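Same chain, two partners: chain A is paired with chain B first, then with chain C.
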Partner chain A sequence: MKKKMLAAMMAAVLAVTGLAGCGGSTEKKEAEEKTEAKADVPKEPFGDTIKYDLTVEINDGKDISIELWEWGSDDLFQQVIDGYTAIHPNVSIKLVNNPWEDYWTKLPLALDGEKGPAIFNIHNSYHENLINYLAPLDIPLEDLQADFTGVDAHVIDGNVYYIDYGMMTGSVYYNKKMWEEAGLTDEDIPKTWDEMREVAKKLTIKDGDKLIQAGLNFNDDFHQNYLLGLNYQLGENLFQEDGKTPNVNSDAMKQVMQMLVDMYETDGVGSKDFGEKGSDSFGQGQSAMVIQWGHFYNTLNTTWSDIDFGVFEIPTFDGEPYAYNRYNGESTFGVNKNAPADQQAVAQDFVKYFLANDDAQVAFNLAMSTFPAKKSLADNEKILENPSLKVLSEHIDHYIWPGPMPSTVETSLKKAGQDIFFNGVDIETALDEAQENIIKDMKNSSFESVENLYAYAK
Partner chain B sequence: MRRKISSIALNILLLMLGVITVYPFVWMLCSSFKKNSEIMALEQHLLPQEFILDNYVNMNAHFNFLRFFINSLVVTLVVTVLVVYTSTLCGFVLSKYKFKGRNLIFGFVLSTMMVPWCVTIIPKYSMIQSFGWMDSYKALIIPAMFSGFGIFMMKQHISSLPDEILEAARIDGANEFYIFQRIVFPMSKNGISSIAIFQFLWTWEDFLWPYLVINTQEKQLLAVGLKMFNGQYSTDYGALFAATAISIIPVLLIYLFFQKQFIAGIAASAVKG
Partner chain C sequence: MFKKTHPLQSKSEIILRNIVVAAMVIFFSVFLIIPIGIAFAGSFHEWNPLSGTYNFLGLENYKDVFTSGLFGKSMLNTLIFSVVVIIFRVGLGLGIAYAIYSTLIKYKSFFRAVYYMPVVTPMVAVAFVWKFMYNPQIGTINQIFGLDVNWLMNPKTALIAVMLMTIWKDFGYAVVMYMAGLYSLPADALEAAKVDGANAWQTFRYITLPLLKPMTLFVVINSIIAYIQAYVQILIMTEGGPGTATYLASYIIYDEAFVKYNFGYASALSFVLFVITAVFSWLSFRVSGTEE
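Up next, the complex of A and B:
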């Protein structure tokens, strides 16, 4: 009897969930239908240098289907697909959504045969795994260079396989309530690291020796947000002139590491033991400032919606940095070179449509909190409404992309920092070890830094 | 007295182990009624401070939960039924028929259990691709029809059935298929329950293979859908916990109804050689 009761209860839960699920599904369907109905067909060719000509027939007007594989938001991709298929009703594009982590296992397997997706989303950290499956973009290099920044870094033997539609980098996020409680105003927003340290001290609250509120927290991400970026402010690249040998035990890196140690150990504005992750500690209302990359803006708005936060540009050492920080690009789609020729042609055309379409570019950049790589969108109203992008707008050309670095660069520097903070290893020894480790790990890597392509490279 | 004390101590120990085992599940269940900020808050409470149902109501924001759930249920039931039948059939043949190479075949079946799945997954993927079974349930069901573990378990179990019963049936004129269907199958209820529970659980929670071979969203399974909550930069924990809580109900139901036979079946297979 008990068993039957329990089973009935579980079945009821399933049924209720099913109904709730159906409701959600219907709403989603309605939303999709609305989007489809709203997809306007432009009347004129659009785009800057890369123009999308609406009159060119795709696949001679015959019906064709391709697959687009991606991770992330279905709605975002579906909107672009709907716009494209409204112009070309003979084309059908099937969207295949994937979980981020496992996408990189499935995609190379599928691309190895002829039946893989004709077009797929790329992340440059998987460059080496994917480059052999990519067809070069069928858009003149000069046109890409005219419309987008950072294209040169993607040229391989005269071809471009993908570019960046957006640039993501680090900014300072601060808790407005804590800022006000510390008696700080907008006038106090620091421009230099010395000012930043002073502000962080004012934001720090202690009960005797016990830290109650950290002024600044960089636990768990100091390597990504400080070590791999602030070196540029001091005029040092991450790689030496040959583009292959790391430069992580440079004087600049030592100076940055020393500053981090001093912030915690001399200034006392934070502690290695105060919250496992700086970003979570900020969301939990325990830390007043963190340096985070653009994606944190979305995390704050979804997970930590109770936090009233502001954003400002990363400080510099002297106000005139060689570059402000490192950035990483969010990549455009890749075209599968093993796909049938007619499918590749559609994929190439779709990429062109995506690059020429300002609405799509804005939507993708806002969704990822990346600054548009399309030059004409640098002062776009919607983009500048996003505070995490607005703070980047003035100096966005002063950020450097080192290229798709092997992960050992990050992991080795993380270990160096942990050795310094937790194991009492001195800065020089820890960074020398990181340097050696990266050299060893990159022995068989084809990576070559593109720091020399920075617009203001020395 | 000493026996009483040791019995109490043992019970306390078991109770503690039970709590340790169940606590993560209870925590997940409670967290499915919390906001993400509360799930990740510094100060943790088992019960939600602000009780919300949004995670259940909005489950479909990531994928069509009900569709994935039904897909999983259908595939899992079909695979489980097939595995139960093929395992019992093979177990019957290997335990009750004496023929040349029987041990060799059984050894071969056992050896399939010893090859790690990560070694076979790429050749299996290539085979499925060349058969043209990609994005079809054939790719999920056909390769899973035979289970080395199931055959092993059923061989052990059926060995314990008295040969005399089968002989008597033969004398009465029953053919081999009739014996299997009407005598061996019903008498293997405990073993079958064990296999059914194991197989149901494995198929239900299998992620990588369905993810690799199914592309169409509408055909995808629940285990794959649950992974969709893990984004590139963040995870929607509340919705993930809600979907996970619902997804384990079928497994609980199966265990609830077959637990007696399951325990008896496991015990029998463990001691009969």
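Up next, the complex of A and C:
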């Protein structure tokens, strides 16, 4: 069955590629391509608990057109669209790409009217701006729960509006050449933060007081990749029990911040002035290690392809963390509740097709470097071939999602870190100020943490 | 022969007047008056047009503005930024315009074009280039001067660095304005000064400068309005950092409206800023004695 699905998708991709290559190709050729795609349409229902039944006619077989809005990765979306329209030739789905910068203002305004897209890509950081325009998914909750992890965190008043198809989190990326030059081997891959600091020292190169090569660089991303994650290793949530009050001036956060300061100022493995961004510095071959989220794997392969890098799981303080790190989900599509009923029906069916389709799930997760939320794909060969996903596979259930946090949590902690590193503010004062800012900014927010839904929640 | 006993005599003139006035009224209503009215109403609400949130808050947003430490700090930064940049813009503009105006200088159009070039270059592009130049590791500024300064992340240099870039980009505007002013000076006044034996400095101090007062006022007022609204260079070069060291008043408005989607609070900030701009503009007129 999977082979058939793969064949259908490949045929669809070939069709698209062929058309693109020909430019103004003839109608005859188009017809041939379509026939070819139709020929490889799977004949049996597919999926795990969520099954996609190919025999169900869409829109009673009558022609219908809908729009799908997204902000990038056109080919990826087009693959899924082509696979779907090969099964339902009466459905036409127009892919509309809006750049990220415009997407989040254009989309809600379009959804507020009658001519918005029936289906659209979601990023959960814009949850509050979108939730009022979403129709609940027309798939039984227990089916979603059976097939995907993290569904409970998306339940609102018994309904689910979107879920995660993949989970993204941070891992350590290291420069293999620098690693070898420092005399390090695979045996030296650190498991704890103490070991990490020792390895970072070995990877650091200085000319007198001048830093030539940073062992570890966290410039500009310490708030995302350290502060908002390592607190969990020390057993502290980001939000207090009420789910609304932040917990960013906790002892755990102070300990993490102190460790970061010590790594730069005591260990000297990096410097606040060595490279504007740790990720860029790593890509430019100036820093030996960085902690980055999954998307960095693709960035390295495309932007800095000459860097030979390896990946290992984020170290812990004691080897038995409450949670290894925070993750964030890459979201499935949203269905526009203001769209005409016939378009919504197609959109609902398209989401079902996407969720049931393993090949689409694998393709999306590989493209985004996210670990599949679909349970049956946890040990998928293609997924585990990606080193940034393989390192997560063993403990993926020990990663925690706090919910779609308002941006102020990240930005306030970034300011706090800059105050500490650059403005000479002490850790306690800076984190207290961040706590106050977040409370102020969130006073009208509907956000509620879902940390209590973590499988190992205290 | 062109003198008329009534301002409008023919029917066609009246129709044309009505069309032009109606077009202007519609244009300003749709693109200025109505949006300002909507924003003013929004400033009394918890307002996010993207999620459809619109809840009445009374004066709470204004109360938050006046009790916000960050707003106070950003207003101080805006004051420092505006005063310094305006002084240099006017000083450099006048000095260079006067130099180009001199009979000793050839290729006047060339110099005028060169100094005006940064003005017509988009701020976004200029800010990115200067950000690169300020880079502590590979930036040309550190390399040329043999320094090791993290210009944009050091609280002592970050605002200065942004001001320097803004002065470089904007002083050409004052050069062109002052050149226009210099070429329109009454020749008889300058001639009279020469006949009376005034030297170059005396001519400049007592004739040229007072006659350029309206132009100076124009440049200053325009600059006040522009710099109170400045945020693009901050957005690109420092994002208000390190910490909140380079927050300007308009950057908070951007941050609240387009990052936090807190349009109500952003509108309240805008109106406070509008009043402050109006007061400063009025003060400039008062100080220059040209209130009328």
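The rule is short, and it goes like this: the second predicted complex is superposed on the first by the 419 of 458 C-alpha atoms of A that agree within 3 Å, B and C clash if a C-alpha of one lies under 4 Å from a C-alpha of the other, contacts with A are read in each partner's own complex, and residues count from 1 in each chain.
Definition applied: a contact is a pair of C-beta atoms (placed from the backbone, for glycine too) under 8 Å apart; a residue touches a chain by one contact, two chains touch by 3 or more.
Just so it is clear, the model here is predicted, and its values are computed rather than measured.
Once the two complexes are laid over each other on the shared chain, residue contacts for A:425 go to chain C alone; chain B is not touched. After superposition on the shared chain, chain A has more residues touched by B, the comparison being chain B against chain C. In the superposition on chain A, A:295 makes contact with chain B only, while chain C stays out of contact range. By the document's definition of touching, neither partner reaches A:331: not chain B, not chain C.
When the two structures are aligned on the shared chain, A:348 is found in touch with neither chain B nor chain C.
Contact with chain C, but none with chain B, is seen for A:415 once the two complexes are overlaid on the shared chain.
Of the two partner chains placed by superposition, chain B and chain C are both touched by A:109.
Shared-chain residue A:247: touches no atom of chain B or chain C. The intersection of chain A residues touching chain B with those touching chain C, taken from the two complexes, comprises 105, 109, 275, 286.
Partner chain B is touched in their complex by these residues of chain A: 3, 6-7, 10-11, 13-14, 17-18, 20-25, 27-28, 67, 71-72, 94-102, 105-106, 109, 113, 115, 123, 275, 280-281, 283-286, 295-296, 298-299, 302-306. On the chain B side of its complex with chain A, the touching residues are 36-37, 40-42, 56-61, 63-67, 69, 122, 125, 129, 134, 207-208, 211-212, 215-217, 224, 227-228, 230-234, 236, 246, 249-250, 252-253, 256-257.
Interface of chain A with chain C (complex): residues 104-105, 108-109, 112, 128-132, 272-276, 286, 406-408, 411, 414-416, 418-419, 421-423, 425, 441, 444. The touching residues of chain C, counted against chain A in their complex, run 46, 48-53, 55, 135-137, 148, 150, 153-155, 240-245, 259-262.
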